[in-house]
Each structure stands twice: as structure tokens, then as C-alpha cells.
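In what comes next, chain A is part of two complexes: it sits with chain B in the first one and with chain C in the second one.
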Partner chain A sequence: MDTLTNFINGTITLFGDPLGIFIFFGGVIGGMLFGAIPGVSMLTLAAILLPFTAHLSPEHGIMLFSVIYCTGVYGGAITAILFNIPGAPENAPTAFDGYPMTQKGQAGKAVGAAVTCSAIGGTVSAVIMMIATAPIASWAISAFGPPEIFALVFFGLAVASSVGARTFWKGWLSILLGLLIAVVGLDPVGGIERWDFGMPYLLAGIHFIPTILGFFAVSEVFVQVEKKAKGSYDAPKVSVDFPSLAELFAQKIAVIRSIVIGFFCGILPGIGATLAAFMGYNEAVRWSKDRKAFGTGKLEGVVSSETANNAATGAAMIPLLALGLPGGALTAMMVGVFQMHDMEPGPLVFLNSADLVWVVFSAMFFANLSILLIGFLETKTIINLLRIPFQFLAPLILLLATVGAYAVRGLPIDIVVMFIAGIVGFFLRRSGYSVAGIVLGLILGKIGEQTFAQAMQMLHFEWSGFFSRPIAITLIIAGMLTLLNSIYSAFFKKST
Partner chain B sequence: MKTTMKYIASGMLAGLMTLVSNTSFAACATDSLPASVAGPDGFPERALTMIVPYGPAGGSGQVAQAMAQAVTELTGVNINRDHKPGGSGTVGMTAYMALPSDGYSVLEHIDDASSAHALDSSKPNPASDLIPLVVSQITFSQIFIRTNEDRYTDWGSFVEWVKAQDGKATIANVSKEGSMERVTMKAISDATGISIQQISFDKGAPRYGALAGGQVDALFEQPGDVRKFLDAGTFKPILTILPEAPSAFPDVPALSDAGLDFEPLYRFRGFYVHKDAPADRVEWLQWAFQKAYCEQSYQDYNKSKFMHLIDSFRDTDGARELITATIDQYREVYREMGLEVK
Partner chain C sequence: MRNLRLAHVIEAGAWLSLALLLFISSFDFSQEIEIYKFGASAWPRAILLLIAVAAVGQLFGQWLRGEGQGSEMLDKASDDGAALAAQLSDHNNPKWLAWTFLLMTIPFVYMNLPGMTGEWLSLDKSGLHQAKLLTAAVLITIFLLAIRGNHIGGMLTLPLLFGAFIQDFGFYFTAPFFILGTMYLMGERHWKNMIMVGALIMGILLALFVSLLYVGLPTGNISPFYEFGTTVVNLLQ
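After this line comes the complex of A and B, so read on.
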């Protein structure tokens, strides 16, 4: 009852103030736009707005960032689906199946599913956030240390070989290439320099955003250019047919599963929506009877990824607000907003600024709902971008991808990495390797390596230490079983 | 075991640090500088760029934001912050060194630049390859435990408990090779005879979460970075790594109280410009950044991070002395630790 009263009070405060309404809708639209335009992201918008939040009330400042977070995570799905350019890393798995759906003339269905599932994932997560922030936060940091996070990554990687590759072995080679790329730069625990070839910029590692842009956007342009040159290019059919209610209802298990996964990944400090999206997608593959259909335009792929990444948004606010531990880059910037107002997120926020917390909770709830409304209105228009002739669209994609690659860290080497990834991706795709697998390996590899090294330090370099941590060993055994099953299938089943 | 301590105890920093741990600073360090100074030939005619080799949310990002704001308040000149994280500050430093030395770009950096040069002299020496404009934050470290911890409650019981664990106890920090944290922990281990496993977390949130969630037994950190946990009563310090206890932590044992005889290493953050920048522009930048240190907004920020507990200000000459002594000190420690000093 208290929760409902607080929610109503937060809503009244939010919408009872004209400036609050203006900031709310500004954040909703700004997040969607910046999320959808490759080259910029919700982080870009947040960085631009950060100094200005000093002139807003704390309620308005934090609310603005939380709204941008919700809608920005969704916005990147549009370009992932339409052009194979994920607006943000957390939208990369959306492209795995979203773009093939566009090529099949099902862009409307893919975008419609993304809109609906982002809204569902985000809204459910916002409700859970309202009900149980403090106990969930405490449980998450107690139950999940580096050994458990490493086990979770291993569990995710175990199924990744079946994403987008022509054979089991090519799937694993793709993942291993991603893992290899992930070790370039300083070792995350000891600070040892690796694979930098004397280039200081490589010490920062290969960032996954230029890599994603290269493997997806640039290599796709090359593929289409080749088709154009051979005269086999077919422009994608423009379709604004949304998924039917029956089609969406058929995805209920995938939605529920991805909400759980997304929420779970979101509450782990320093993990956030990117891992959530990849894990959501991977689990959809793991539990599917038709694994091979993933990567070829399966609606469940879009649903799983977009539900999970938005479910992570509300969840990421839990460690931030309850413990002062940001889950990702944008929530880390929110710490800056708090500090500009002489506040610190953490347990005291609930005691000292309960009104602020409930305005934020209400704003996130309504921001996720507004994805549904504005998303559907926007989709009817934005899908028409596919009507742009390829000779104009291709340079535009390359330009946006280049800007996007550079904008991440302001390093020219990221542009080089992007084009190398584009060229390599072009040839690997022709050979049946999986660029999705490489990206999975890269992203999960960075998290996995760091947490593995930390886990080994914590377990005093004894492998048996994993057996003393029930969650970790359960995930590792489940991952091993998945792996053995994949190997068995590769050797003994004709279908693979 | 004792030799490392003695190197640290050589006290090279002792004369430089001028610790005034129990003094409040009524007058600010640069009050005597003129309130306004015209730039040479209208310099700067456009916004300055500040390269920050770390992300916007961490300690460097925050001090860069606070100093940029203070300089803008003082001079009206905007400063665009360009974050180039990665490689423990190496990427940002490299990017900065490649920029034109026209005085329009400045660099924020921390003591990691000094320790990196100490380990590998091919890396820029902040005291000679750059001109320090100001060092605006100097702070100390502490060891923290959870407030509701019942296995140990203070430094003495913690040391006893760690000894009983026979090397199984853990502490979260940034224990990269040659880092201030690793060197200091070695000194503490040598002095107390404890063996404790250091768990390296390069980002703050997982590091603090590891202690709050009971994944590790203790945390090595600077108090300003965990202030919210102190204010919330979640963490408490059990050892202050300063010779004497500062005013804000009178009941927490300092090194002398704990019988630890070594001179601590400090975390410091400052702002730099190319050594080849035009001298008159450098002079103006020195005035702007040093004077901005005393702007109310910057002083308030420093206070919120416990940076007022020891004298956080160094002008150009003071910063050079601090950096040079730090490099010398790190080199001696590294050699003692068996690291290859290039």
C-alpha cells in the first residue's frame, strides 16, 4: 500500500509541474533520437546535458537521466534492425535477427516487436524496482562475486557457437577469435601490456563499439556493394506490418525469460544492459528447438534481446540507488548528477530524499510505457528510411559508422579497427563464420577474463574453490553440459 | 622484508608533503595572486581543451569537471573536457602529447603518470616533459571494513584475524603491477607480518560492491571516494595511512599509532601543459589554474572529498618537487621489489 501511495505521489509530483513534464518528454524523445542515430548514443546526450543538470533541481536532473536511459536503450534497436547498425552495444544482438528480418521484408514486425518488448521489459523491471530495491540490491552483491559472474559468462559462451555460423566448429572459431581480440591491451588485473605492437593506443584494448560497427555495418555495405556490382542486389521491401497479437503472445516465454535475465544482469554492479542483451539472446538460442534459425531472421531473437536490455535499465537503478554502485556508464554519470547537488546515491537517499526516489521510479515507469506509444508512432515513419536508394544510403551508413567509431573514445585507431573489422567480416561471412560470434566472444571475453582473474585471486588459485560457491559451480556445470551436448550434436547428428 | 619499508621510510616525501593534518585552512593558498590577469595578445581566443585520461565518473573525471568549472567562473573561458580512458592513463597521455603545443590544450593526470615514468623512463616525465600548472588534490588512503563486521572490529583485531587465515584473507584494491596500492600493501604486509591476497578491481563500483557484499574482507581506498559509504554507516576505516591521524578521523589509528614506520605514498591529481607551449601563455594558464584552486566551488568540491585534510595545493615548482621525489621513491621501491626499472 505504501508503495502504491508513494508511486501515486511520485506521479503527481512528476506531472504536476510543467517544467517536469517538459523535461520528461524531452528526455523520452532525446533518448530515442540519440539512441537511434549511430555515431551518437544516449551517453553522448547524457555527457552534453551533465553540466546543465547543475541548474535543475535534483529531482529533475536525476529524472532526466533515468528517462534518457530507458528510451536510449530502446532507440538503438531501430538502426540495428533497419541497417544492421546497432545504435548502442546493447542493441547488437537485436541486429543478429532484426536485420535479416528487414531483408526478408519484415522490418515492421521486427521494429514492432522491439517496441513492444522494450516497453514490457522496461516496465516490469521498473515495477520490481519500486517494490524491492533494497533487498534485491543487498542479495545481488552478496550472492554474486567475480566467481559467479565468470561462471555466468562461461554459461553464456557455451551456447554462443550456434549463433550465425554455418557449422559448430566455425561457430567456435568465431568465438575464439573474439576472445583473442578481447585480450589486446592492458591485462585488466595486473596491468601487464599485451599485444600492443608498440602502439600506445592499443593499450586501451580493442573497443567493442568500433568492432560491432565494422563487423555489422561496414561489412554489410561491402556485401551489398558486391551484390550491386553483380546485379543481384534487391532493395529491402518496406513493410510497416506490425506483429499480430498472436505472434507477440507466442513469444511470452521468451519475454519472461529475458525479463528475468535482463533484470538479473542489470543488478550486478559494472555489468549492465549489454551483457543482459547478449545473455537474453543466448538463452533464447539455448532453449530453442530450432537453433539454426537464429541469425536468419527469427522474431524471438529480436524479442529476447530487446526485452532483456530494457529489463536491465530498471534493475541497474537498484544498486545505484540502494548502494551507490552504478551498473554501467550512464548510471555512473547519474552519480555525477547526484554529486552536483551535494548528494550521494546510496542508502541515505531513501532516508533523506524519498520524494526524489519516487519521482525517478514513476518517471522510469512512464518512460517505458511511452516507448510503446511514441515507438509505434515513430515506426510508421522511420521504416520509410529504407526507401533511400542504396547509392545514397551506403555512404551515409559509412559516414555515421565512422563518426560512431571515433566518438567512443576520440581515438583515430578506432576508425582503423572498424574498417579492418569490416573487411575481415566481409570475408568471414562469405566463409560461413559468425561475426555475431566474434562480437559475443569480444564482449563476454573482456568481462570473463577480468572476473576469472579476480575469481582465481579470491579462490587462492585453486580450481576446487569453485565447488565452495554453489551458484558458480551450478552455472559452470550447466555450461559444460551445454558444451558437451553441442559437441555430441556436431559429431553424431546429421542436422548439424 | 624490512628493507622495502626502509626505502619507503627514507622519507623523501616527508619534507615535501608538509602535512598539516589537524589544521583547517582559513586562508587559501593562492589568495595573494591577482584577481584577474589579461592573457597575452588576447589569449585564449577560444575554448581550451582538457584531455582527461580517465572516464567522467571517476575521481579524475570529477576533479577535471570541478577545476574546469572553477577556471570558467574565474576567467569566463570555457574548457571542453575530452575523456580518453584506457591503458591506465597511457592513452590520454599519448593523445595529449600529440596535440599542438599552443597552450590551448591542457592535461589532467594523476600520480600514475609519475609511477609509470618511474618504471619505464621512455614514458613522459610529468615534471620535465610537461609543465605542471597546479596539483590540486593530494590525498591519503585508508583500510576499510564493513561496519557490521563481527570477525574483527578494528586494526588490531583485523591484523590478528588475517594472520590466523594463513594467507586466505582478501582485500580489494587496484593492485596493478607497481601501483601505489600494491606498493603500500607490501609495506604494510612487511611491517605487520600479515599475508593478505589483493584482489584487483579497476572500477570503483565493483570494488566497493565486493566489500559491501562480503566478497572480500577489507578495502584499500581513499576516503573521499567512499564518503557516501562512510556517511551511510556501511563502511568504516580501521587504519589511516598517514603518519598522524587527521582531524576528520581522530579515532582511527594512523601509522604511528599502529606502530608502522614508513612514509606513505599519496594519490595526487593535477593539471599540465606542454613544455613547449609559449611561455606567456603558460604564465597565464598557471595563474588561471592556481587561482581557480581557491574559487569557492572548487574548495567546496575538495572539501566534499576530504581533500582539505592535508595541504592539497602545489604550484608549478612545488608540483615538480613532488613529482620528482615521487618518481625517485617509486624507483627505489620497484628495485627493491625486483621489478625491472627501465
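After this line comes the complex of A and C, so read on.
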């Protein structure tokens, strides 16, 4: 009952404020557009907007990002289906069957299924998130001290390292690079200068906003420049015969299965929507009696992938809001929004800023529902926008990122740092490293070192103290097992 | 050598060198803290140790199995097309990489050379500005000559050059050239389209950030670019 009351209050707060409504719909449309346009992604939009959230209230800032997250995950499905170009990695499996459907003249049916299933997956996930997050947070307040938070950071990084990059080693090196960047500046205990190389700029550490902008927005433009040098695409003819209710109802098992898969992938730090979509698709193939039909234009392929990736969005908010730990790149940026408002995400947010939490929950619920309404209407607009050549979009993206990097502190050096991060990200991505892993390492590095220092002081520098804390030791053992399994797979297991 | 290639050895060497150099420099801050016996260097050194272990592990894995060390599903999930694009455009060869990295030093030359020259020759403010103008003109000429046949290298360097120039020449003067340069390096050759789109992009940015949000973008330090920047700001605000 409390949940319903809170939800209604959150909805009233959200839609009772004209600025809130404007930001909500801006986020819905922006997320869909950036999710759909090849060469940019919802992460590009989020990175560009991140510095400007300092001018918004915390409620509006976090709400904007959560809405972009929901609709951005859906947006990439349109280009995956119509052009075989997934807007984001989480839409890649959608293209496996979506594009063959387009070639068979069933593009409308595939887009319709993607719209409907994204909305269903996301909405169900949002409802579970509303019910589950508060109890987890209230338990976490008493159960989670610095040793447990450090252990959870370790577990999250161990999982993230296994899935973010081309190989386990590259994933691990990406995260370690992020942790290394986080070390630059003053140490969190004694305030001793580390790796500042005599440059006053580095004393405050490498600011995460120019770094995030560089790794996501700028490196993406560079990658597209290189892709553009070798490829092009033709716009296909688009039909508008959306799937019938009977056709959608026939997919109910695939939808339920993908919601479960997507939700569990989303709740684990570091896995997120991308692996959810791949696992949803893989399971659909494994459970099917007609496996050979997958990849040739089977509706179930689109349904499974799109339901699973949107189901991961609500789940990913649980570790962020209940425990203060981001599971992926976009939730890591949300930590940035909290930090810019001198707040820390985590269980205390429920006590100190319950309004914020429920506005975000309501916004995510309605953002997923709005995919159903706006998604159908916006598809045609997006198709027309896709005709804008990338050489005209690229300078706009780079200049928006420039303004964003400069606006945070008014330092021109931040612009240079951003472009250096973009170049580093470009070279690392083409070698199979994960920029999301670097950013996760950068954000979690500071939390990790601080909680490690607090934990060791609390445990009187006795490592065995971790064994007296069941949650901490369980998480550490789980992290170690994940790492050992990844190392074993990297050396000895055959590719599957 | 089994499945090992030269690129794998260079990659591992780069990680190990980074770890070693930073480990050596960590002695600069290797101090004990009264309330924290591990001191300021324990955490960074642990990260460096793990980097070394991961680099060696990666090299061993590549020796054992080549690049295919993960599952097909994870490989697909992490693939954003960047590696394939690099492979197709043949931008992984040492010559291209060396040339591109050399090209990318141009902005850093601008950021350091005029200041060093000014200090050496004891130049006053106006002398320093003239040194900066001269250095910028020479470096732009070198840049334009060097990017012929290496547009990707040019595309990587142009934003850095823009970032290096922005403090002295201002956003309002440099941004239009940056827009046109980006479009040109990305293959656009219709000057009419470039000017129209460039004007539209500048219009959007100025209206949104300068007129509406009052974001104070860099106006530059050197005359007459500084006067140009402030005039634009005064007109828009």
C-alpha cells in the first residue's frame, strides 16, 4: 500500500511541475533519438548532458538520466531492424532476426514487436524495482558497513571484468586503467599528492566529466569516422503492418522468459542490458523447436532480445539506489549526477531524499509506457533523421561535448583532457578494450579505496576481520570465484 | 611463438612499461599516514601489480590461444565494430600509427613551445602573443600538409588542436573552422552545404548556450581574437 501511495505521490510530483514534464518528455524523445541514430548512443547524450545537470535539481537530473536509460535501450532497435545497424550493443541481437524481417518486407511487424515488448519488459521491470528496492535499501542500512561495500565493489568489478571487453584480460585491464585514473590527485585518507607531476590541475584529480565525455562521445565519433571510411548503407522501404494482438500473444512465453533473464542480468553489477539481450536471444534459440529459423527473420528473436534488454533497466537501478553501486556506464554517470549535487547514492537516499527516489521510479515506469505510445509515432521521424549524413552530426556532437567539458569548471585544459580521453578510448576500443569498464573503474575506484581504508581501520588492519562479516566474505569469495572461472575459461575452455 | 604476434608483445610491453614507470614514480608519495599504516602508495601499487599480472596473463593467453579467448556470445556482446573498422581501413600498421602519433604532437608543441621561447627570450606579453601567432601559423601549415592521405590521423589531431587554440583564440573564432575542418576530413566536399550546416550548428550552440543559458565560453587572450569574442558575447547577451 505504501508503495502505491509513494508511486502516486511521485507521479503527482513528476507531472505537477511543468519543468519536470518538459525534462521527462525531452528525455523520452532524446533517448529514443540518440539510441536510434547510428554513431551516437544514449551514452553520448548522457555524457553531453551530464555537466548541465548541475543546473537542475537532483530530482530532475537523476530522473532525466533514468528516462534516457529506458528509452535509449529501446531506440537502438529501430536501426537494428531497418538497417542492420544496432544503435547500441544491447540491440545487436535484435538485428539477427529484425533485419531479415525487413528484407522480407516485414519491417513494420518487427518494429511493432520491438516497441511492444520493450514497453512490456521495461514496465514489469520498473514495477519489480519499485517493490524491491526500498526493502533492500532498508536492510542494507544495518547490514552494510565499509567492509561490505568494499566487498561489493570488488564483486561488481570482478563480474564487470568478465563481460565488458573482447576477452577477460582486456576487461580486467580496462577496469584497472579506470582504477588507476581514479588514483590521481589527493589520497582519501592523508591528503597526500599522488601522480600530479607538479601540475596544479592534477591535484584535484582527473575530473570524471571530461573523461566520460571523451571516452563515450568523442571516441564514438572517431570510431564512426573510421567506419565511414569503409562503409555505407541504403535506406530500406518501410512497411507499417504492425503485428496483430494474436501474434504478440503467441510470444507470451518468450516475453516472460526474457523478463526473468533480463531482470537478473540487470541486477548484477557490470552485466546490464547488453548481456541481457544476448542471453535472452540465446535462450530463445535454445528453447525453440525450430532453432534453424532463428537468424532468418523470426519474430521471437526480436521479441526475446528487446524484452530482455529493457527488463534490465529497472533492475540496474536496484544496486545503484539501494547500495550506491552503479552496474554499468549509464548508472555510473548517474553517480556523477548525485556527486555534482553533493549527494551519494545508497540506502540513505531513501531516508534523506525519498521524494527523489519516487519521482525517478514513476518516471521510469511512465518512460517505459511511453515507448508504446511515442515509439510508434516516432519511428517515422527517426527514419527521416537517419538520412542526415554523419559528417554533419559529428561537429555538433564534438562541440556539444566541448561546451559540456568546459562548462563544469571553466578550464580550457578540461577540453584537452576530454579529447585525449577520446583518442585513448578510440585506440583502446579498436583493440577490444571496454570504455564502459574504464569508466566503471574510475567511478568505483574512489568508492573502493575509501571503503577499503575505512574497513581496514575498522578491522584494526587484520585481514581475518573480513571472515567475521558473513556478507563481506561471501561477496569476496563470489568475486574470487568469478575471477577464477574467467581465468580458467580464458586459458582452457573451448569457445562456445 | 605458437599464436603470438608482434602486436601482442608490444601491447603487453606497453602495459608493463606503464606499470613499471608509475611504480617508480610512486616512491614520490610513498609516505606512511599516522592513522593508516598502508600509507598513500599501497592502493596504487596494488593496482599496478594487478595490471602487470593481467598484462602477462593476457600475453600467456594469446600465446596459448591467440585472440579467441572468450565465448562467442561475449565476443559479440562486446563488439562495437571499432576493431573491424580499424582492420578494414588498414590503420593498424606501424607506419600509420607512428605517423599519426607524430601528427598528434602538434597541439602539444603549441601548448609548450611559445611559453618556453618566451621565457628563454624574456618576451613581454605582446611579444609572447606574437610568438603564439607565429607558432600557430607554422603549426597549422604543417598540419594541413601532414594530413594529406591521412584523414583519420587529421581527424584525431584536429580536436586536440582546437582544444589547444581555444584558450588563446577563443571559442567563437576557432569553432567555425573546427566545424568546417571536421566536415572536410569526414569526406564532405560541397562547400555550400558545409557553410550552411556550419552556420546552423553555430547558431544552435550560440542561441542555446550563450543567449539562453549564459555559459561563459572562452573568448581568447590574444588581440584581435579577444575583442572578436567579447563582441559576439555582448551582441548575444
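Just a few scattered comments:
Simple rule for what comes next: the second predicted complex is superposed on the first by the 274 of 496 C-alpha atoms of A that agree within 3 Å, B and C clash if a C-alpha of one lies under 4 Å from a C-alpha of the other, contacts with A are read in each partner's own complex, and residues count from 1 in each chain.
Definition applied: a residue touches a chain if its C-beta (ideal position, glycine included) is under 8 Å from a C-beta of that chain, and two chains touch if they have at least 3 such contacts.
None of the values given here were measured: they were computed from a predicted structure.
Look at A:416: by the touch rule set out above, it reaches chain C but stays clear of chain B. Of the two partners, chain B and chain C, it is C that touches more residues of chain A.
Shared-chain residue A:275: touches chain C; no touch with chain B. Of the two partner chains placed around the shared chain by superposition, chain B and chain C are both touched by A:192. Of the two partner chains placed by superposition, only chain C is touched by A:168; chain B is not. In the superposition on chain A, contact of A:69 is made with neither chain B nor chain C. In the superposition on chain A, A:324 makes contact with chain B only, not with chain C.
Once the two complexes are overlaid on the shared chain, A:141 sits against chain B while remaining clear of chain C.
Once the two complexes are overlaid on the shared chain, A:457 sits against chain B and chain C alike.
After overlaying the two complexes on the shared chain, residue contacts for A:99 are found with neither chain B nor chain C.
On chain A, the surface touched by chain B in one complex and the surface touched by chain C in the other have residues 189-190, 192, 410, 453, 457 in common. Of all the residues in chain C, the ones that touch chain A in their complex are 11, 15, 22, 25-26, 29, 31, 33-41, 43-44, 47-48, 50-51, 54-55, 57-58, 60-61, 64-65, 67-83, 85-86, 88-89, 91-92, 104, 107, 111, 151-152, 155-156, 159-160, 162-164, 166-167, 171, 175, 178-179, 182-183, 185-188, 193, 197-198, 201, 204-205, 209, 213, 215-218.
The touching residues of chain A, when paired with chain C in their complex, are 52, 55, 89, 92-93, 162-173, 176-177, 179-180, 183, 187, 189-190, 192-195, 197, 218, 222-223, 225-231, 274-275, 277-279, 282, 389-392, 394-396, 398-400, 402-403, 406-407, 410, 412, 415-416, 418-420, 422-423, 426, 429-432, 434, 449, 452-453, 456-457, 461, 487, 489-491, 493, 495-496. Taken in their complex, chain B has these residues touching chain A: 55-57, 61-62, 65, 69, 82-88, 90-91, 93-95, 167-168, 170, 175-179, 197-203, 205-206, 208-210, 212-216, 227-229, 231-232, 234, 304.
Chain A makes touch with chain B in their complex at residues 47, 50-51, 138, 140-146, 185-186, 188-192, 200-201, 203-205, 269-270, 319, 323-327, 329, 332-333, 335-336, 339, 342, 344-348, 409-411, 450, 453-454, 457-458, 460.
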